[in-house]
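In the two complexes that follow, subunit A is the common piece, with subunit B as its partner first and subunit C second.
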Partner chain A sequence: MKKKRMSIGFAAPAFVIYTMLLVIPIMMAFYFSLNKWNGFNAMQFIGIENYINVFRDARLGNAVINTLIISVVVIIFVNVLGLFLAMLVNTASVKSNIFRTIFFIPFVLSTVAISFVWKSILSYNGVLNGMLTTFGQEGLIGNWLGSHGSAIVCIIIVEIWRTLGYHMMLYLAALQTVPHELYEACTVDGGNRWNKFRHVTLPLIVPGMTVSFLMSIINELRMYDVVKIMTDGGPGYDTETIVYNIVSQGFSNSMVGYSSAISVVLFLAIGAISVFIVTKMNQKEVEM
Partner chain B sequence: MKAKKRAVTILQTVFLIILAVIVLLPIYIAISNTFKVSDIILDQPLSLPIPPTIQNIVSVIKSPNTNMLEMYRNSTILMVAGTALTVIVSSMAAYYLARVKTKFSGMLRVYFLIGIMVPYVIVYMPLCILLRNLSIPFGVPVLIFVFVSGNISFATFMYTNYIHSLPIELEEAAEIDGATRFQVFWKILFPLLRPCTTTIAIFVGLGIWNDFQTPLLLGQIKTITVGIYTAVGPYSADWGVVFAYVFFAAMPVILVYLVAQKNFVNGLTAGALKG
Partner chain C sequence: MKKRKALTAIALSAALVASCLAGCGKKTETGSTADSGKTKITFGVFETDNITSEVWQNMIDSFEKDHPDITVEKVLATGDDRQAFWKTMLSSGSFPDVVIEAEQLATMEGIFTEVPQDVQELFDDTTLCQYNGKCITVPSFKQYKMQCYYNKSVFKDLNLEEPQTWDEFMNVCQTIKDAGQTPLMCGGTGDIWATGEPFWIAEGDTALLSKYPDFNKELKEGTNKWNNDTTVDVLTKWQDMVNKGYYYDGAMSLSYSQAAEEFKKGSAAMMVDGSWQAAGLDSESNEDFGVFALPTMDGSKITVADCSYWGVSETCENKDAAFQFIKYVFDENQDVYKTYLQADGLYSTTKKAVTYDQGNVTTKFIDNIADNDTVQEIVKLPGENAAPSGMQSFMDKSFQNIFNGADVKTEVESWDTEYQRLLDAQ
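And now, the complex of A and B:
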């Protein structure tokens, strides 16, 4: 039989599009990051100066801290509550199905739509304060999105509300891989609810947990839409995130070289975190 | 013992109901207030819209700085063309990657995989400059390809794994019958990829429909999301109109989701689980 050779032509269209519009721009970003450039004038090669500035930039430092605060709270919340919810709805009943459907709705909606709805609720002249007035609780009225401290809490609440159902679904998929016999075996051995959770469920869902953690970290580190619409980074720089900072330095302030340097660092950080978590969790899986 | 168990079940249900109310409340506020006049929204945000008014919807449609039809058209073209193109080029690339076992194919596989980790913000600025220098006008056509480039990593990865799990005998049999590689792929293999294609289409399609950053930063293309953002503006507090805009953006998605719920969940979580 004459073996026909598989043509590289099958991979060519994907290769061209991917290279042209993703790989080359990334390489350009690396190159820009070594230059001082506003996008129009002549480029000036300055080596790693942009990278040195990245670590000295107080405004960026603030954005990093904001991103970390938002990320840590959201990640812990959606993973703990997501797993808990998944365990509650992990039955094949109509009731569970309805709850699953409801909890997942926010995740299919666009962040733009969601952000505007929450903005209308939390704004100073918004629905929440309107309700407080109606109930005669004027004392409780606050400028939720416009005050130091409460603005970032609002962002966190919206992010949790938006992604909780997604993480519930990830955990649900993981829970459904746990064989039922193991729970029965645990009962026979005199194990209670906690034992079942600690010694059966937890060790077996480590892969699902890795995925859920990783996705929440990646999602939160890329935070932009909700902040852009709800607070526009404000008040002051109170809710500015890393990605918001990159866009604003690059597009509003025309600091192409510098903003590229920040995004390169973010790229490397996300890559490093991903590799770290995957290897760490793989070890845990063996230990448990 | 039995009573205790029942108490726990009731407690769980109560907890789930409370949480469901919290999840649904903002959505309820948005939908019901779309059909109320703005004055009553702040006084009675939770009341049902009786009698309903379509004043907000009408003012959105008639608004001089929004062209709903154009926004829907742009978003739909981007979603349909972007998804179709992603499916076509990625499945073809995956066919090569899964069935050819050479060093080059292995390297190509890794090359395509790198894109999964990229925070997309790194690409916007260079892309703008690239398009400007090549004098390619910003617009829907080029944006289609940008969306495809951003989704190739994920789609190729999914397809490659899926093709690996399929037996190769069917393709070999077709080849013995004289089919060309091209025919084998489109007539034999591609129909078998349907479950995977559904998953990818939902993930990619919904991603494009909901994307805000890409059309905003690459030429302010008036998609639904960007159109609403520019129409409402940062300082508007005419919530009835804002809700009407949100209604236009979210309604199609909610309706499709309720009909094809299982596919949505698979589409949006499978990517993460396989990765």
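And now, the complex of A and C:
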């Protein structure tokens, strides 16, 4: 009984903090979403009108498409490349620590700082175009952040560069849980490198893969800072993401009720995707 | 032993919760009596290349020296969207006591307090404005926008004169282009306003207000629309200029500062910009650049001159001190007001007019528009017919779309939809 009380005592602060900083704001956002509110004056209850508008808003639709494009490409790249790099680093010797550090550095650095650095690299008179000029490749000089199409590619590249090390570390942690004896057994059974990967590594790293996929999905669907600094959603609306749209609607347009409705829909979408991924990956884990 | 462990756990947990809750508190000293018995007010500002930290600090230091019982703490707005920054502060309960550029926020009821009569009387009546029948802001300066700066050596080499009509301006652009140089510079990434806003203010606002002098009122009443022949014509001509290659190739990948720097380095012969550029050139004693009033498309002699406003927060606990600060800046010690105005090429709005020694470029800037009528920028008009918050940002993005080839008519149609949406929502 005493032990139980003590456990509750330890868990209580975390529960209070979690409730205050997460559960209550989420509930408040839901309440705001049912009101017309500019964030300052009195609220006016409008029922589900904000939710109806969410599905009619063309600019938000464009932000959803941009977010999905960025998310799908980044998720595929960071997971495939992350696993590949983790396998390379895992087989390397003590020197692998250096590579781990090098790959992980971008994730540790401030996103704001690296966004400014990349902005200066990719601006028209920046480092990249300067290097192309130096090497006599003037024909390749591009308006990277200002052209329709190329700006979103720049965002994707920066996001892959920024998060790759983190996903490599997740895979590396998963790889290190695979018992060495299983590889030896596979060798004894005549298995080649592909067989070892397919029948030993892959089934045993599914839990790590689930975490990596989930984290990448959540991170990319919430993307804001890189876009805000590098392009401010531009040119035009070309790189506006869902969260950028939420912030713009809430603070630039003084539509806090409407932006809360978008937030609630995004929250539910991320929740649904997370549940789907975890369920599917758990099934895969059992199948494999 | 177990009891001690439990107590330690409870104490640590309590400390953890307390430290978290500490972050949730609202401002503590603002507007109240801070340490050493002084009254403290917060002053929300932003900084630019011209209006630097020193300009504000000079203002604050002078005031504190003459009013030792009041301290002023500067709150700096960061980022491109200052209105969004102030709204964030408002939501978090940290809104400064005195805020500059208050005109858009003033459209929301209850944010600013009514300005006392004695303070109102310091300002030129024509610059004061009302929201719901109340004067809640004071005009801090008048700023003339936008004219075309040009590289004198390019004009000299190509025997070009400052254009007086739209057709002459087009000829100047074409001549520069034919000579293998870039006629015009603008900014883009990160500073979305720098793409189309300067051109729109010089050509769009003037064209619309010359044809519809009460455009804001008509727009609000629903008797006029953004989507009219004048708007479409101005933006189509602008898009033609882009398509003809009059603009610098990489302009959209440059911030405003980078664009201004490239212009000064000679990457383009002209740049449409505000009076702050003239003040900047004068402060550098830069004689390499001239400025001419961009000829309007319809030949009308109209210039956009915006007033900017300061407001005192309704939640300010020491409104007397806040208004004392305003009186000090605009009346009691006009030297600090003069420094502020001179830094950015601004003009006074007080009855006791403040003048300063202007440099050559600023003098030319003012001479160019001496005979023109002045109007207020459509989306920055203060008072009852103010455009809804967020419209400026929406238009800036639309200008970028048009610059990148979007259909002008479709874009302008979206202005009306967005205007109505924002108006309904606010």
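Here is the rule we use: the second predicted complex is superposed on the first by the 260 of 288 C-alpha atoms of A that agree within 3 Å, B and C clash if a C-alpha of one lies under 4 Å from a C-alpha of the other, contacts with A are read in each partner's own complex, and residues count from 1 in each chain.
Criterion: contacts are C-beta pairs under 8 Å (C-beta built on N, C-alpha and C of every residue); 3 or more make two chains touch, one makes a residue touch a chain.
Not measured: the values here are computed from a predicted model.
Of the two partner chains placed by superposition, A:I205 touches none, neither subunit B nor subunit C.
In the superposition on chain A, contact of A:C186 is made with neither subunit B nor subunit C. In the superposed model, A:N38 makes contact with subunit C only, not with subunit B.
Contacts of A:P106 after superposition: subunit B is touched, whereas subunit C is not reached. In the superposed pair of complexes, A:S274 makes contact with subunit B only, with no contact to subunit C. With both structures placed on the common chain, the touch criterion links A:L266 to subunit B but leaves subunit C unconnected. Looking at the shared chain after the overlay, A:H148 reaches subunit C, while subunit B stays out of its contact range.
Looking at the shared chain after the overlay, A:M215 reaches subunit B, while subunit C stays out of its contact range. In the superposition on chain A, A:G236 makes contact with subunit C only, not with subunit B. Annotation for subunit A, partner touching more residues between subunit B and subunit C: B. Subunit A uses residues 6, 10, 13, 17, 20-21, 39, 119, 123, 125-126, 129, 229, 232, 247, 251, 256 to touch subunit B in one structure and subunit C in the other.
Those residues of subunit A whose C-beta lies close enough to touch subunit C in the complex are 2, 6, 9-10, 12-13, 16-17, 20-21, 36, 38-41, 119, 122-126, 129, 141, 143-148, 151, 229-237, 247-248, 251-256, 258. Per the touch definition, subunit A reaches subunit B in the complex via residues 1, 4, 6-8, 10-11, 13-15, 17-18, 20-26, 28-29, 32, 39, 85, 88-89, 95, 99-114, 116-121, 123, 125-127, 129-131, 133-134, 161, 164-166, 169-170, 173, 208, 211-212, 214-215, 221-222, 224-225, 228-229, 232, 243, 246-247, 250-251, 256, 259-260, 263-264, 266-267, 270-271, 274. Taken together, the subunit B residues at the contact with subunit A in this complex read 12-13, 15-16, 19-20, 22-24, 26-27, 29-30, 33, 41-46, 88-90, 92-93, 95-97, 99-100, 108, 112, 114-115, 117-127, 129-130, 145-146, 148-150, 152-153, 156, 175-176, 180-181, 185, 206, 209-213, 217, 224-225, 228-229, 232, 234, 237, 239, 242-243, 245-246, 249-250, 253-254, 257-258, 261, 264-265, 268-269, 272-273, 275. Interface residues of subunit C facing subunit A in the complex, by the touch rule stated above, are 2, 5-6, 9-10, 13-14, 16-17, 20, 24, 80-81, 83-84, 87-88, 90-91, 108-111, 188-192, 195, 249-255, 258, 262, 388-390, 393, 397-398, 400-401, 403-406, 422, 425-426.
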